[in-house]
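All chains are identified by letter, namely A, B, C and D, in their written order; residue positions are counted from 1 within each chain.
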Amino acid sequence: MKKILNDPTDFVDEMLDGLIAAHPDAYSLPHPRVVARPGGAKEGKVGIVSGGGSGHLPVFAGYVGHGLLDAVAVGDVFASPSADQMADCMRVAHGGAGVLRLYGNYGGDVMNFDMAGETVEFEDDIESTTVLLADDVVSAPPEEAAKRRGTGGMVYAFKIAGACAEAMGDLAHVTGIAQRTADNCRSIGMALTPCTVPQAGKPTFMIGEDEMEMGMGLHGEPGIWRDTLKPADAITDEMMDRLLADMPLKHGDRCSIMVNSLGATPPEELYIMYRRAKDRLDGDGVVISMPLIGRYATSMEMTGATITLCKLDDELENLLRKPCHCAFWVQHDLT
Amino acid sequence: MKKILNDPTDFVDEMLDGLIAAHPDAYSLPHPRVVARPGGAKEGKVGIVSGGGSGHLPVFAGYVGHGLLDAVAVGDVFASPSADQMADCMRVAHGGAGVLRLYGNYGGDVMNFDMAGETVEFEDDIESTTVLLADDVVSAPPEEAAKRRGTGGMVYAFKIAGACAEAMGDLAHVTGIAQRTADNCRSIGMALTPCTVPQAGKPTFMIGEDEMEMGMGLHGEPGIWRDTLKPADAITDEMMDRLLADMPLKHGDRCSIMVNSLGATPPEELYIMYRRAKDRLDGDGVVISMPLIGRYATSMEMTGATITLCKLDDELENLLRKPCHCAFWVQHDLT
Amino acid sequence: MTLDCHDLVRATRRLAAATAAAKDTLNAQDGKLGDGDLGITLANGWAEADSAELPTDDLGRAFMVLSKAFQRVSASSYGTLLATGLMAAARAAKGRESIEMTEISGLLAAARDAMMARGRGELGQKSVLDVLDALAAATADLAEREEIARAARISVDRTLEGFRQRPAGLGRARMYGDASIGLDDPGMLAVKIMLDGLMA
Amino acid sequence: MTLDCHDLVRATRRLAAATAAAKDTLNAQDGKLGDGDLGITLANGWAEADSAELPTDDLGRAFMVLSKAFQRVSASSYGTLLATGLMAAARAAKGRESIEMTEISGLLAAARDAMMARGRGELGQKSVLDVLDALAAATADLAEREEIARAARISVDRTLEGFRQRPAGLGRARMYGDASIGLDDPGMLAVKIMLDGLMA
């Protein structure tokens, strides 16, 4: 296992120690495995919480910050946090105006967040709502879209709903905005090499020296097909085809697009993909607003990329372009 | 070669196309392979240029921006730009107050930048100075410190000299500040897996499944020793030992520290290293200011990390904490 | 015959021992089509439950303590589902010192239903749900401990056998499609191991 | 005997042909201890020079056109060093229609010195510098083209031989330490190939 770590069982906690030591103004650890903004919940602001497995930085803990999330529950690598941690996380984020649970549609996370929601409703009288990201088009056909898993769309939802909450929208409004963002996001991924979960010590999947897997998930879930590696433009075309088939965009439509590295794939290659994706959208007369190119939702040292399209209306675009601030993403006001 | 690209010979130009298409407000391409701030040189401001091989994003092109660089010349992957491109780059950056050439101490880059300097002095009457980063302690012993190669220290020099130029310091002042930063930086790297130069198509070096190389350079230059992979704390200790032996820091000294991924190593692992490095500095009573943890100077998909210490005085710290803005690094005013 | 808090303490002790012993086996089974943590989940959960203080006068609250133990230490699907099932049992037995053995079938059914709601799963998808469903049916109206034990064992074995050649339809194993055919669902197997432990 | 701009045009043509032919060989040699681009550097540089328009009346400016060609198309060490050497020759011949063959040794020495300054290299480090130094010495005071050719060939072969068993002390090859022992320096070899091309 070619990783820089100590005892694999300490991986997540040592990572969190380092994260908070490095950015004490950005993050605090009010409970074990619960990362929150320092200073506590803001009175009257809707709290937005998320959570899930570790190994995806900046997802999840990294996105705690101004204009983004209020608190997250941090699981082991690729594993759900416990319902107990999620309940703590919701308590920390609650500023009296309720809490939105905003996260990716993975079985374990959903079960635990549901359980946590019932607990804090019962024990703490916290009103809460849920919006699930289910943006990965490969993970289920359109008829079963609710079964899809969440990926890059989470980042758009954090950003847009976060800006809405920062503007003191109420729980219904923030939830509605988050849901509309979730409904407007489509993602697809491809992977070239696996990553290794520290406690497992061996790669998450096996793949040939010149093979790629189109549609593979963030944890190595199988995709659509495995084939010899194709040129960047062909890969990008296939990904864009699948996304646009699922959510057609027409002349004059606006969208943001995220070309995201799963970890090892360098920005140089993402820009080569973006170049092609933009050509495609330009050709269709689709207007790109605030493209995101970089490492936004990763799988540790996996090689590969995901593309996410987020269709925008005036309100979503305005919220997307509002400022945000965390250790991984500082954005000035672009409205 | 597990990379997302088209024709390897187009790698750099397509990457630049994508970079500029994605961030037209941040970057322009006034000449082939010359990246500059849009809008041209600012009258009366010292221009800071850099350059070198591609494959190190954000180094070099990424750091063109407010409070950072004015223009860079972009070479092929791991290869120097031509003297011709560097001369163009200096012309673009010249706002009438002279140009500082600020880059890493690599033979080809030095020869070409020197030649370019002579050319623009002769042809365009541009006054210019040079500051070389030679911060990698492994690449030559202290007696031959001028032979050392440049690595993470470049980022501190770009940031600090960039802030000084933005404050309208004159050429002598900006050069002096850059030189003081260069003198105060020490770096060391370690690598776990190689990367592949697109046009070469094969890895830059070979290394065993459980081996690491301590002190390896950004292009796979050999280091101090090769050994079986050690725990993160032991690796960090050895790196810190070497850095502090070369530049002792005493109780009350201030420094910034960069824990930098060579590409594939994820932030999770960097935070585990930072945790240990901070413990060390805390123990010595050294005060850390504005630590940088992330991907600041990379080698495409190489696995490994570098640590840089930058010793700060009041002026350097103040400049480091000034705002900056490029597609890879947005910092608010922290002074 | 009845079941009270002391029975639950004894059962918990046995389950802790049985799942600790079966940890590696269950991890390996889960590893064939998943993340290989099911053994850890069960061993940690029952160990935590075993070290908790159970109330002696309220079987409902005792079940709730067991549920909370699983909520604390396990976040894997099975741990959360077990916590959910135990919470359903807690609700059903709330405020009572003991229940009749004939009520066990009803507790199993309540757990099954709560777990279906929690995991959005259905019967027939080759999961722990199918085992619980069969168990609830097999133990209906039985009043004797031995009777229940015998019926339960037969029922679990039959269910395992009945589903072995079917593909997994829930959880992580679903991703593997037909590769799951011929393999026992680890969540079902876990019930068999717990049952054997209870009767040891 | 003299050397004028027409000679330089003819020489450039020959060098373009010779380096194009030797491209792969030189790349391979450079690849043993470096990045394997020396063949490309030379072939591209001389091709660019060959396609440039050379002035016919000023040998100095003609050398400058060759230098600029290398500055444009090559950024590898050897290309920059060649551009530097050619610029030194340009300076020395500035404003003259032709030079005497006896001055060739002086041009080589001027190129050597400029390249040492540019690359911060020293003699004895197994690089192109050593070949140039030996060539300047071997051609001193010779006035006949044939004489110069013969002396140059012998000098280059001797220099290659003399350095073969020494470790590289400059450029990328230096990193490989003793692994460079026994291998010819590709930059020296390149001079031999260019010389052979000139005389073909």
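Points to keep in mind about this one:
FYI, a contact is a pair of C-beta atoms (placed from the backbone, for glycine too) under 8 Å apart; a residue touches a chain by one contact, two chains touch by 3 or more.
Nothing here was measured: the structure is a model prediction, and the numbers come from that model.
If you average the Cα atoms of subunit B and of subunit C, the two centres end up 57 Å apart. One inter-chain figure worth recording: subunit A and subunit B are separated by 29 Å, centre to centre, where each centre is the mean of the chain's CA atoms. Once the centre of each chain is set as its mean CA position, subunit C and subunit D turn out to be 82 Å apart.
Chain contact topology: the protein chains form an open path, each linked only to its neighbours in the line. Checking each pair of chains for touch leaves A-B, A-C, B-D.
The residues of subunit D lying in touch with subunit B in their complex are 35-37, 68, 71-77, 79-81, 83-84, 118-120, 171-172, 175.
Across the interface of their complex, subunit D is touched by residues 75-76, 78-85, 107-108, 110-112, 114-115, 119, 197, 200, 221-222 of subunit B.
On subunit A, the positions that touch subunit B within their shared complex are 2-7, 11, 14-19, 21-22, 54-55, 57-58, 62, 192-193, 209-210, 229, 231-233, 235, 263-275, 278, 291, 293-295, 298, 300-301, 303, 305, 325, 328, 330-332.
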